[in-house]
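Two complexes follow with chain A in common, the first pairing it with chain B and the second with chain C.
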Partner chain A sequence: MPEPRKTPSETPVLEVHDLHVTFRTEGGLVPAVDGIDFAVAPGQTLAIVGESGSGKSVSSAAVMGLLPSNADVKGEVLLDGRELTKLTAEELRKVRGNEVALVFQDALSALNPYYSVGWQVAEAYRLHHDVSKKEANARAVRMLDLVGIPSAAQRARAYPHEFSGGMRQRVVIAMALVNDPKVLIADEPTTALDVTVQAQIIQLLEDVQTEFGTALVLISHDLGVVAEVADDVLVMYAGRAAEQGSVKDIFYRAAHPYSLGLLGAMPRVDVPPKHRLTTIPGSPPSPGSIETGCPFQPRCAYTERVGERCITERPLLTPRPGEGNHEAACHLGRRPEIAQEVARTGIQENAAPEGAPLQQSAAQESAPLEHSAAKAEGPLQPSAEESAL
Partner chain B sequence: MSTVEQSTKDAIGQDAEELLRLDGVKKYFGLRGVPFRKAGAVKAVDGVDLVVRRGETVGLVGESGSGKSTLARLATRLLDPTEGRVSISGQDVTTVRGRRLRPVRRKIQMVFQDPQASLNPRQSVGTILTTPFRAQGIRPSRAELIELLHQVGLSEEHLERYPHEFSGGQRQRIGIARALAVRPGLLICDEPVSALDVSVQAQVLNLLADLRDELGLSYVLVAHDLAVVRQVADRLAVMYLGTIVEEGPAAEVYAAPAHPYTRALLSAVPVPDPGAARERIVLTGDVPTPIDPPSGCPFRTRCYKVQDVCATVRPVLEPVAGGEHRAACYFPETASPEISRAPMSERTP
Partner chain C sequence: MPDLVWFVIRRLLATVLVMLALSLAVYLIFYALPADPARLGCGKPCTPDRLEQARHFMQLDQSTMQQYLQFLKGIVAGRTFGEGAAAVQCNAPCFGYSFPLARPVTTLILSRLPITASIAIGAAVLWLIAGVSLGLGAALRRGRLFDRFAVGFALVGVASPSFLVGLLAILVFGFWLNMVPVNGYVPLTDSPVDWAWHLVLPWVVLAALNAASYIRLTRAQMLEELNLDHITTARAKGAGEGRVVLLHGLRGVLVPIVTIFGLDLGGLLGGAILTEKVFSMQGLGELLISSVGQLDVAVVVGVTLFSAFLVILANLVVDVLHGVLDPRVGHA
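Entry: the complex of A and B
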C-alpha cells in the first residue's frame, strides 16, 4: 500500500486509505474504485478529477456511507482518526450531515419541493442539535443570509421552485454548512450552473472555507474550476489514481499521459486557439473491463515505446522528483530517455499562453537532466499526430 | 492574434455567399393558460439580425434563457418566428411550410445536443442514416452510407449496429453523419459537445474542424462554453435576454470584449492555470425574466457601468473601434482586460 499523503501544513481531518468499492451486479463483480488514497486538512481543498466512470463520485459516496447495499467497501476512512466504515448505521447518521456534509450537483433534486427552504435547512440543524424549532429557524435564516440569499428571513418561507438554479445551490450549501461540518464534499457543485453563477458559487465556497476552516473535497471534471480552487489534485482513471500532487504539480508538471491528455484536450478561453486540440483516442473504459496492466494503456500513445510492461504490470503510484507529494502511476517514469524526449516536444504543445519564453526555459532546464539517472521530469504530451481521430 | 484566427478571418470576405440571414427575428411564446398577448409572452428571441456566410463558423453564446437555442430552431425553421424574416441562401423562407420546406432542408441541417435522445434506439445506424435521404426522395446506396460513416471517423461494421452499442462520442458522430447526409452547406450545432467528456469533446471539435476544411461547411455553433466556441469560431455573437449584445470577429471579441456583459462572462470562465490571476467581474443577481425584461438595455439591472440613460432606449449594435466588431452598449469598454500569469520558474520542473 502506498504511503498516505500528508498535507504539509496540518494534520488531515479526513484520510482515506486503500479504498476499494466493488458492486455486486447480475453481470458479476464490478470494481468501481480500486485502491485510492487521499487526505485533506482543515481549510484545504482537494479536487478529485476524472471523466465519467472514473469512480470519483463513488469514492465520495463511500466516504459518506451512502452507497447502495450491493456495494462492498474495503479500506479505511478516517475522520479525525475515527474509522467511519466500522460505524453502525445509527452512528453513521450522527456523522453524516453533521461532521461531513455533501453538496450535490443537482440542487433541485436535493431539495424537497413540499417544504419551504427555511424549514429544510432548520431540519438539518434539528437532526443534530437539541434545540427548539424557533432557534433552529433562526439558525437557518442566519445560514441563508450567510450564503448570500437576499432578504433571507422572507425567502426562508419560499419553496425550492421559487428560486433560480444558483439560489437553490446556495440553499443546498446553507443546508450542508448549518451544522458547521469539518469536511464538505461537493460533487460537481457548479456543473448545472451558468458560468456567471458558477463564479458566484465558487466565490461562496472559498469564503465559507476561509471563515469556518472547512476541509473541502471537490469532485469535478472541469479543470478550470479545479485550477481555481484546489490545493491538491487527485486525477482518477478507471477507479484508480493516475496521478496526484499539488495543483501546480498537476497543471505545470503533469507526468501521467492521461493528465497531459486532459490538459491538452481542454479548449481554453484565455488564449488564442491551437490549430487542433490534442485528443485522447477512444473513450474511458467501463469499470472492471481492464484487469491487468495499466488501465489507460489502450488509449495511451506511449505504450509501444515502453513495451510489454504496460499490458502486463499495473503501474503503482511512484513519487516524482522534487518536493512535495507528487506521484504518478505510469511505467514511463522509469524510462527517462523516452520521458525526456517527450518532455521537450510535449511542452510546446501544452505551452502556456504566448508559449515562447516557456519553451526556452523548458529546453534549458531539461538539458542537464539527460546526464542524470533521475526519473522522468517535465510534462509529457501526446502529440496531435499520434492521437487518431 | 493567432495565425489560425487571422487566416480564417481573411479568407471570408464581406461578399461571400450568404447562407443564412435573419432580419429582426422575434419569437414570443404564449404563457400556458393565458391567452396569447404580447404583454404576457416569454420574449425568447426579441429582435435579432444575423448573417452567416459560406465557409464561416459563427459561435452563438449566452447563458440559459438567453434565447440561443430558440434562435437555432428559428434558423432551421423548426419554429415559426413571431416577427421578422428568415432567408436561406437568399430565399425568404419565413412562410414556407410542409413539403415545400424539403429543398430548404437540403441546405441547412441541425446537430442536436443529446445524441442519446436524438437517435431512435430501435433503428440501426443504417436506417438512421437512410432517413434524411428518403425525406428527400433519394434511395442511397450502401456505399454512400459507408462514405458518410468514414467521414465522421466510423466504419462499415457500425452500419448494422444500434445506438446503445455506441459511446457518447460515437453517438454524436452518428448525429453529425445524419446531418451531413443531404450535403448541406450549413450545420446548426446546438451544444454539440456539452454532453461529452473532455477527452471525447476534443475529438468531436476536431472532427467539426476537419469537416469544415474538407467539405467547405459553415457552422452556427450554439454553446454555453466560451472556451469551446473560441476553439472553432471565426465570428462570435453574444446573446443576453433574447438579443445579441455583441458581435464581431472571434479573435477581436475574445481579446477585447466591449460589452460589459461579454466582459463579465469571459472573466467568469475558469482557466486551467492555477497561476493565472485575472480581473474577475462577479455579476450580482440572476438573469431577469424574459416575460418582463428591463426597459432600455436588458443588461442594465446587473451592469457595473449602468447610468440613467441605460433605462431609456435599448442600445443598438454599433461599431467598436471601427470594423466589424459591434456592441449594443452606451458605455462600451475599450481596453483589453489584464491577465497576469505565474512566473515561468514555477511552470517547469
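Entry: the complex of A and C
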C-alpha cells in the first residue's frame, strides 16, 4: 500500500476561477454555470451542493474537459498551477483519470457491461502506465482489495451486473483511484445506493482520502453527508455561487436564505419531529432566465424586507462573519434578521447567534444521521450485510 | 461452459422437432398441389398404363402419409425406387430423388451449395465491413455531409430491386467498361483468382443492397451507445477517442449486428435466387426456380427444407454468440 503522498495542506491543488459554461442549443445560448470560483487542497474535501440543475455536475465535467462539443467553457481551471482549459486533447487525456479522476452517481451505468471489472480497472491503469497486462491486472486486483471487494482476485473476473450496488460503487472508486489521482471528483456517489451502503461508501471515500492525501470534490445534495465529510462548502443556485465557506460557516452561520432553506429541508434525528420539514417554495429557475436581480428572489421569503434591490440588482459574493472565506451573495446584510425568521421555522439549532461559540461541534458528530454508525466498522471492509448481497 | 454445451444440445433437439413439423407441412403443401410429377416421367405417348407404371415407380401411388414416412425413412436408411436392373438407388441421407434430373436431391443440393455459399459469404463479408464502417462514420459525423451521404445511400439501397441493379452493373462494368466477366462460375479449388474475379460483380451488387440495413442499424445503435454513461467513464479514465469509439462504443453495437448478420447470411445461403438468376450462377436458388418450373416436387421439398434448416441453424449460432458476446445473457 503506498505511503500517503502529501499531508493535508492549504495550498490548493485544484483552483477554479470565474468558470462560465454556456451551451449552444437550437433555442439559443443556455448558460449553465455563470461565474463560480472554488479551490481544494490535498487531503481536503470541498462539497458542492445545490438542487438539480444548479450547475454542480456541469462544473465538474468542465474541470475534466468532458462537456459535449456544444459547450463553451470560459475561465481558469488550474491543476497544480497548470491551466487545464488550454491543454490539447492529448494532454488533457493524460490528465483525465490520472491526475483528476471521477466517481459517478450510478455505478451500474458508469461501468461497461461487456468487460469484467478487473479489466476495466486495469484499463484505467494501462492508459497512463506503460505496463504489461499482467502487471495492470495485479494492480487492479490490489485496488479492488483495497476498496473492500472480498476475494478480489476472483471477483475481478466478474462482470458489473454480478455485483451489488454498493460493491459496484467500490469498483468505480477503485477504478478512479488506481492511478493515485491528486483530485477525486465524486458526483453524487451515494445517491443510487441504500442508506446503510451510502454510509459505507462515504466512509470508504474518507478513508482513501486519508490514505492517499487526495483532494476530494464531493458533489451532493445530501447535507448529512456534506456535514460529515466536507471541509469547505460551495452552495450553488442557478449556476452561481449562493454562498461559500467552511462547513461550520454554512451549517452554523448560513447567511443566504437558500442555504437556510436547504438546511430546513433536511430531516434531522436530533430535533423532535414536531414540525413538518420546511420546503423551499417554487422550483429553481432555468439558468439564465433571470437576468437582473437575485436569481433566488422569486422564492425568497426575505425579499419584502430588502425591497427593490433584490429585483433590480444582482447580489455579489460579499464577506460574512465566519472562520475564513465565508461569503454569500445576498442583499440581506445582517444575520439576526434571518435568525428571527429561522426561529419560526424550527431549525433554530442551526442558527447560532453571530459570534456565539461553536457549541454545536458535539451535536455535529451525532447529528447527520446514520453515517456515524458505519464508522465503527473496520476501516475499509464492507459490512457483512453488504457482502452478502 | 457446460451451460453452453447443454444449451446447444437442447436447442439441437428442438431443431430436430421443428424440422420434423416443418417437413410434414412442406410435404403436405407440395404434394397437395394439383400437379402430377409422374406425368413428366411417363414418356411419350403417355398412356394411362405408363402413367400408372411411372407413378408406382416413383412411389407416388401410396397415400401422402405413407410417402412422408418413406421420405423420413430415406433420410435415415436410404431408398430404392423400382426393382431389379431398372432400380434407382438413393443412399442415406436421401432427401428425395429427382427423376427429371436423375439425381438424388442430396447430391443436387451439395453440388449447388458451394456456388451459393461463395456468393453469399463473400457478399456478406463485404456488406458487413461496408455497412458497419459507413454506419460508424455516419454516427460520428452526425448531421454532416458524410452522414447524409451514408443515410441517402442506405435509402437507395433499401429501395433498389436487386435484379435491376444487377443488370445495370452487368451492362456498365461487364459490357461497357469490360472490366469483369458477366457470368459463369469457376470453382475455388480450380483457381482462387478466377473464382473471385467471376464473383466480384454479384458480391458488390448484393453487398451494396444489403449494406443499407447495416448502415442504419450501426448508425442508430452507435448514437445510442455513445450517449451512455460508461462512454463518459471511458473518457474520464483517459481513453483516447479511437479507443472510446471502437472498444467501448462499437462493442455494445456488436450484439444487434451479429444478430441480423447471422439471420441474413442464413437466409441467403438457402439460395440467392435473383442474384443467381441475373448472373447465371447455378446455385441453390437457381435449382429451386428451375425445379418449380419442371414440377420437380422432390427437389422443391428438399431445397425448401434445407433453406429452412440453414435459417434455424443461423438462429442457433446467433443465440450462442449472444451468450458469448454479452455477459449478461445466460444460457442456463
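Details
Going forward, the second predicted complex is superposed on the first by the 319 of 389 C-alpha atoms of A that agree within 3 Å, B and C clash if a C-alpha of one lies under 4 Å from a C-alpha of the other, contacts with A are read in each partner's own complex, and residues count from 1 in each chain.
To be clear about the criterion, contacts are C-beta pairs under 8 Å (C-beta built on N, C-alpha and C of every residue); 3 or more make two chains touch, one makes a residue touch a chain.
Bear in mind that the values here come from a model prediction, so they are computed numbers and not experimental data.
In the superposed model, A:Arg96 makes contact with chain C only, not with chain B.
In the superposed model, A:Val217 makes contact with neither chain B nor chain C. By the touch criterion defined above, A:Leu84 reaches neither chain B nor chain C.
In the superposed model, A:Cys294 lies in contact with neither chain B nor chain C.
In the superposition on chain A, A:Arg253 makes contact with chain B only, while chain C stays out of contact range.
Of the two partner chains, chain B is the only one touched by A:Val225; chain C is not.
The partner that reaches more residues of chain A, of the two candidates chain B and chain C, is B.
When the shared chain is aligned, chain C comes close enough to touch A:Ala110, but chain B does not. Within the complex formed with chain A, the residues of chain C that make contact are 228-230, 232-241, 248, 251-252, 325-328.
The residues of chain A lying in touch with chain C in their complex are 64, 66, 89-90, 93-98, 101-102, 104, 106, 109-116, 123-124, 127-128, 159, 161, 172, 175.
Contact residues of chain A toward chain B in the complex are 51-52, 164-167, 194-200, 202-203, 221-228, 230, 247-248, 251-253, 261-270, 272-281, 283-284, 321-322, 347, 352-353, 357-358, 361-362, 365-366, 377-378, 389.
Across the complex, chain B meets chain A through its residues 1-2, 4-5, 63-64, 153, 167-170, 197-203, 205-207, 209-210, 224-228, 230-232, 251, 254, 264-276, 278, 280, 282-283, 286-287, 339, 341-342, 344-349.
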